[in-house]
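In order of appearance the chains are A, B, C and D, and numbering begins at 1 in each one.
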Amino acid sequence: MDDLFYFIISKYNYWAAIILLFIGLYGMIVRNNLMKKIIGMVIFQTAILLFFVSIGVKRGATVPILKFSPDKQPLLDAAAYANPLPHVLILTAIVVGVAVLGVALALLQKIQRVHGTIEEDEILEDMRK
Amino acid sequence: MTWDASLLWQFDILVLVMMVICAVTALALQGLLSSAIVTGAYSFLICLMWTHMMAVDVAFTEAAVGAAISTVIFLGTAQYINRWIKKDPPREQGIKQLTLVIGVICAVMMLSATRDLPDWADPASPASTHLSPGYIEQGYHETATPNVVTAVLADYRGYDTMFEAVVVFAAALVVMVLLRRTSHKHRKVLHLRPKREGRDTVLRGAAQSIIPVMQIFALYVLFHGHYSPGGGFQGGVIFGASFILLALCYNLKFSMNRFREHLVLWCCACGVLLYAGIGAACLGLGWNFLGYAALADLLGVSGKMARSYGILAVEIGVGITVMAVMVSLYYDLASGGDLEEGL
Amino acid sequence: MFSPAFYQAAPVIAVCASLGAVPLIAASRRHPNLREFWTFAAAALKFSMVLLLAGWVLAGNVVEVTLIQVLPQLGIRFKVDAFGIVFALVSSFLWIVAAAYTIGYMRSLSEHAQTRFFICFALALCAAIGVAFSGNLLTLYLFYEMLSLSTYPLVAHHQDKEGRGGARKYLTFLLGGSVGLVLPAMIVLFTLVGNLTFADNIHTGIIPPGTGDTLVFCLFFACLFGFAKNGVMPMHAWLPGAMVAPTPVSALLHAVAVVKVGVFCTTRVMLYVFGTDLMDALNLGVLTAYIVSFTIVTASIIAMTRDNLKARLAYSTISQLSYIILGVALLTPAAVQGGIIHIVNHAFAKITLFFCAGAVYVVTRKKNISEMGGLGRVMPFTFGAFALASLTMIGAPPVGGFITKWYLLKGALDAGQLAIILVLVASTMLNIVYFAPVTFQAFFGRAPDETTGPTEIREAPLIMVVPIVAAALLSLLTGIFPGVMMQFVRMVIP
Amino acid sequence: MMDHAPVLMIVLPVFASLALTLIGPLGHRAAYGLLILSIAGSLAAAMATLVQVVQAGRAVQYRMGDWMPPMGIELVIDHLSAGVLVMISGCALLTAIYSMHTARQDNPDRLNHYYALFALLVAGLMGMTATGDVFNLYVLLEISALSSYGLLARGKGKAYYATFRYLMMGTIGASFYLLGVGYLYIMTGSLNMADLSEILKQPELGESVNVRIGFTLIILGVWIKMALFPLHAWMPNAYSRAGTTTACLIAPLMTKVSVYVMLRIMFTVFSADYVFQQIAWSRLVIYVASAAAVLGMITALSQRDLRKMLTYIIVAEIGYLTGGAWLANTAGYTGAVYHILADGLMTLCLFMAVGAIIYRTGVSTSAAMEGIFQRMPVTAGVFLIAGASVVGIPPFCGFFSKWYLLQGAVQAGEWVFVASLVIAGLVAATLFFRLLEKAFFGRLDDAVLETGSKTSHTAARTIRWNEAPLTMLLPLVLTGAALLGLGIYTNEVVRYLIRWSVPAGM
């Protein structure tokens, strides 16, 4: 029982990330409305980011900003701070994400202008014409 | 196997479940506006999650970028598209089920594989033992920057960050090239955007009082990034958000009179130019690209202080770019490219 | 008389002579005479080089040059030996003859795009000599492809529908064979052997001992059918189709250069890659002999049914080419010699025949044999030459064809293949059946309609008659003095 | 400066794009000059690096910000990447010169923003090739992707939807790559390629299922980006609807760089024996690649639109490359790497020629080819050369890459791949033959046909000479010459570049 509990406790983050990942992917591939595809894309990307940040967590560690002892000496115990590297990567990835989102939305507006709809099947019909 | 209760797993699981619910709802809802809002809520939840995972910088950025800006440009776009989606056509059904099956299979495989992943929050996991101790232990001595994230972001991996600034710059450029295209026929345009006469004074008053605070806070976040959560991105986004707020509470023209389009574009480029210029300056001074220590004799300080100043400088560059890009994205997307009237 | 270093350079010059002529021809497209001069100059240079090399080879030397190393242990490599010289002599000499004839033909018909024609002509000859002198399979393949591509505009010269059809068929068969069969075979061979350089004698070959029989079979037949220019059935179908080309093209390329290149490649591979020993051991020779005998007979029978002169000549070409392969496939010295010498004899004879056909067409615009009654009386030289050449095809003394038949029969006897002997006899009969009537008609038959009586039809222009007669006389000489060529042949196989 | 060449070749285009945005309306001449200048600089830097690498006989490393890897990011340029870098910058330069007329035709407005994206794309591709850090590779991947969305969307109206699909697929691919990197990071704790490969040598990581998932995700993502056969659906529309300059820039480079990334991941981060012994897919992948080669060519044969035809040829070529890489022997690897260079040039050459023809005739279907030999002899000649190279006729470079690939396939006993290569070659021959026949005969309408035999002797059609402008012709001819040169100097290329990069355990 305790093992099972411990197992769940130590893995649920990854599970959540993977579930969200596939929800997003499903939205991206299957939904017919392009806006929904974009929302799926957002979820998809954030799931990956969640996965990354989960890597950086350390039990009993605090935010990766050095604490100082009263005599102005930084306390440099690696175990005391969370792993900063994934945070850095995710900062980058978030910004990349919003960049892609902006471009996707711009394309969406143009598609609406040209085809008069953002439903995939209607667009395909419009292109066949 | 003791479990440190400092990580409130009940809280985590609650948030995660809510996230999954939000995700499904956002995809399932018929109204695009509502699903955009739900997506915003989803972002906020993930911010909570990350704060609780001690990733404050990330949470900060996500709150500013994911929750605020994304939602705004979602809503801005929603003015120009059909807001209600129709049911997916039947011909899709087969493919749908197939994808569903494949997806579920892959998901199950990956879920079962998590058994071999290092336990969550395990201090002994390779990720926590291989590189990160180096950053934490040497970072301060080498860069004099207590915020390790800032140090790694702007110095150890400064090359990444430079291209990250380039990415947002490219995004602004692409959106502009796409939407601000002079010669296109407006066929089947939807103009669902509200008329702006008779704006209520409450909003304006709120804006007048909030915006200065926002901007000062943004500068604080930017310049205090060495010692506290924050830095170029967060500061830049907040500063950009202040202009967006201006446009929301008054109207697009009002904010464009204060921050003109060509100036915005100019800022986008200048921020990156500042960053890359500093890198090139280091290269000119005989060090490698982005080796801020080269600035030491120039500034007359020690190598590590030089690095600290270098970090500050590039953070400012990033801040300028991100600020301008956010504004530019809003201008173009919310006005459908004609810069007549915004959200 | 020259330094060996010169002989090292000679083959390169011989190959590149016509290549160098291309820009000159292109440059002087406004001045036809200058243009034709370049053609002749290149031809003369090429022929003299080949002649010098012939002397050098006769003295018992073999020239080997490696130009560039394109792949490890594999380069663009030239090798001049007796076998190559035989072919090089024929084609480079006949270029001069054909050039003269072509000028007459093209001008008297005022064909379009003559510059393009001569450029491609030069390229084709460059490729032909390149094949003759190539020292490994890669070089052979390179020039083989070059020939296919450079002759396409010639076949398609008229740019009308039938031209397109013929050209399409032409390139389909040739490229299909080379890219689809020869290239893979070559690469498999390369992975087996490690290089592709031809063996020094015709016996050993380069295939390492202990290679699986099935693999060798596949490789062998890939090469036999892959070099589709050799017109072995069923890969022959392009040849009649390609007869839509202007007659000089048919004459030089489809009687001499192209088809001979095909046959040359096949025999080169048979003798210098597989080697007689291996072919003997696996009975590949006999098998090939039967395949080509089928071609010989069938092609001759089809030839009888054709009324269009060029088509009939085309089918006779198909059957005659198979004589060469047959000879080599019999693997007995006499037969191989007969096969190789037939390259020469057939070349001279067949070019004469095509020249005659072209001359008739230029003068009377007639293509069909049935319409040629009585023409011999007004065009005596042309039809005299025709008669002489058709004797070669038949293989009667005193012309060269007789030598071939003699050696082939002797070889077949040595090999103890009675069936083959029967085939040879039968095909000779068939040759008589479809060549004799033409000459007979021409001299003794009466013109179909007297309106276009013999009155206003004259003999062909001089610049065409001279090459015709020259070629005919040559085929006579090769019959009377076979030794000249035979000494090279004997160097290939004593 | 010499030892800063690795970074210069990446940041020069970045600076150029910034300048192009800042100088604003200085007129298209200035923009054009600036673009060419920066890319020429980056080409020079790439050449210098190539010389360094060949002379030193080992990889050139460049530490960003003087941080020791794996703490900092480093650029690692070995023989493989040096060759690819020169190819990229060379193709980009030729395209830039070529773009003088077409770019203005496609972008009446905002030309210098277009050029800015052009430069960013080049920077991204160069960076992807030069970097030694898996996450940095992701960032640069996104840069090249974003700028390519912008460039492609400049096409005609239908381009928007095609670009949207490309964006979706591209994002999926990039995210898969990122997730794979995440899996590798969680298992190893490192992002630097050299460091990763050191750590991944541990046997227990070799068995770990999560490392395997990471590898799978990365390779899957790269396959989506390089449009391997079942995943290629996004490519044809996106490329064929783009403007001429965009197509000339993106079509040759994007897919090839993705293939390069695949090789990097397979053989630098992981190792040959991990990929071929522990991940035992090779057979399967080679079947997929064979299918890609054959089906790609056949689909190309069935296309009317010239650019779409060329795009499907790319699909087939990707099949060649993938198959060669997974043959697991030296010849196959050599063929794949050589084919990256060769196919880059061939594709560029074809797209340029077609672009020139479309520019002159205004028709984009295969009907545009009619009578090209009379009207645009030079273009037609170069097109013929490129076609011969794709078919695999010596002495053009396509023949030699096919030579190595076939040799590798024969050695590995992969007869399916051999057959597919040969069939694809034959189909390609048919395809180009049909085009060139059109180009040679022009239109044979019935007026000519019924009087065919009579007119044949005087069929000299007087079609006026209408060759493309010099700025298009020059790069075209240069590319054609490069096809020949690369073919003739195959041995040197293999000996000085490719042999060095053959991974251990082959």
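In this text, a contact is a pair of C-beta atoms (placed from the backbone, for glycine too) under 8 Å apart; a residue touches a chain by one contact, two chains touch by 3 or more.
Remember, it's a predicted structure, so these values are computed and weren't measured experimentally.
K.L.:
Please state, in steps, how far chain C lies from chain B along the shortest route of touching chains.
P.N.:
2
K.L.:
Taking each chain's centre as the mean of its CA atoms, which one is most distant from chain A?
P.N.:
When every chain centre is compared against chain A, the largest gap points to C.
K.L.:
Top contact pair of chains, counted by C-beta pairs?
P.N.:
Counting C-beta pairs in contact per chain pair, the top pair is A-B.
K.L.:
Which chain wins if you rank chains by how close their C-alpha centre is to the centre of all protein C-alpha atoms?
P.N.:
D
K.L.:
If you average the CA atoms of chain A and of chain C, how many Å lie between those two points?
P.N.:
A distance of 72 Å separates the two centres.
K.L.:
Rounded to the nearest whole Å, what is the centre-to-centre distance of chain C and chain D, using the mean of the C-alpha atoms as each centre?
P.N.:
43
K.L.:
Express in whole angstrom the distance between the two chain centres, defined as the mean CA positions of chain A and chain D.
P.N.:
Roughly 31 Å separates the two chain centres.
K.L.:
Please output the residue numbers of chain B that touch at least 2 other chains, ranges allowed.
P.N.:
Residues 110, 114, 117, 125, 127-128, 131-132, 135, 157, 160, 164, 167, 170-171, 174, 178 of chain B each touch two or more of the other chains.
K.L.:
Can you tell me which residues of chain C touch two or more of the remaining chains?
P.N.:
none
K.L.:
If you look at chain D, which of its residues touch at least two other chains?
P.N.:
Only 135, 139, 142, 146, 149-150, 153, 185-186, 191 qualify.
K.L.:
How is the touch graph of the chains shaped: line, ring, star, complete or other?
P.N.:
Basically it's none of the tidy shapes, so other.
K.L.:
Strictly by the criterion at the top, what is the full list of touching chain pairs?
P.N.:
Result for touching pairs of chains: A-B, A-D, B-D, C-D.
K.L.:
Would you tell me which residues of chain A are touching chain D in their complex?
P.N.:
Listed in rising order, the residues are 21, 25, 28, 34, 37, 41, 44-45, 48, 51-52, 55, 85-86, 89, 92-93, 96, 99-100, 103-104, 107-108, 110-111, 114-115, 123, 127.
K.L.:
Could you list, by residue number, the parts of chain D that touch chain C in their complex?
P.N.:
Those residues of chain D that touch chain C are 388, 391-395, 400, 403, 406-407, 410-411, 418, 422, 425-426, 429-430, 433, 437, 440-442, 444, 448-449, 452-453, 455-461, 487-488, 490-491, 494-495.
K.L.:
For a test of understanding, state which residues of chain D touch chain B in their complex under the given definition.
P.N.:
Residues 4, 7, 11, 14-15, 18, 21-22, 24, 62-67, 70-73, 108-110, 113-114, 116-117, 120, 123, 127, 133, 135-136, 139-140, 142-143, 146-147, 149-150, 153-154, 185-191, 199, 208-210, 213.
K.L.:
Under the stated contact criterion, what part of chain A meets chain B in this complex?
P.N.:
2-3, 6, 9-16, 18-27, 29-33, 35-36, 39-40, 42-43, 46, 49-50, 53-66, 68, 74, 76, 78-79, 81-88, 90-92, 94-103, 105-110, 112-119, 121
K.L.:
Under the definition above, what is the set of chain C residues touching chain D in their complex?
P.N.:
So the residues of chain C touching chain D come out as 68-72, 76, 109-113, 138, 141-142, 145, 149, 153, 156, 158-164, 167-168, 171-172, 175-176, 179-180, 183-184, 187-188, 190-191.
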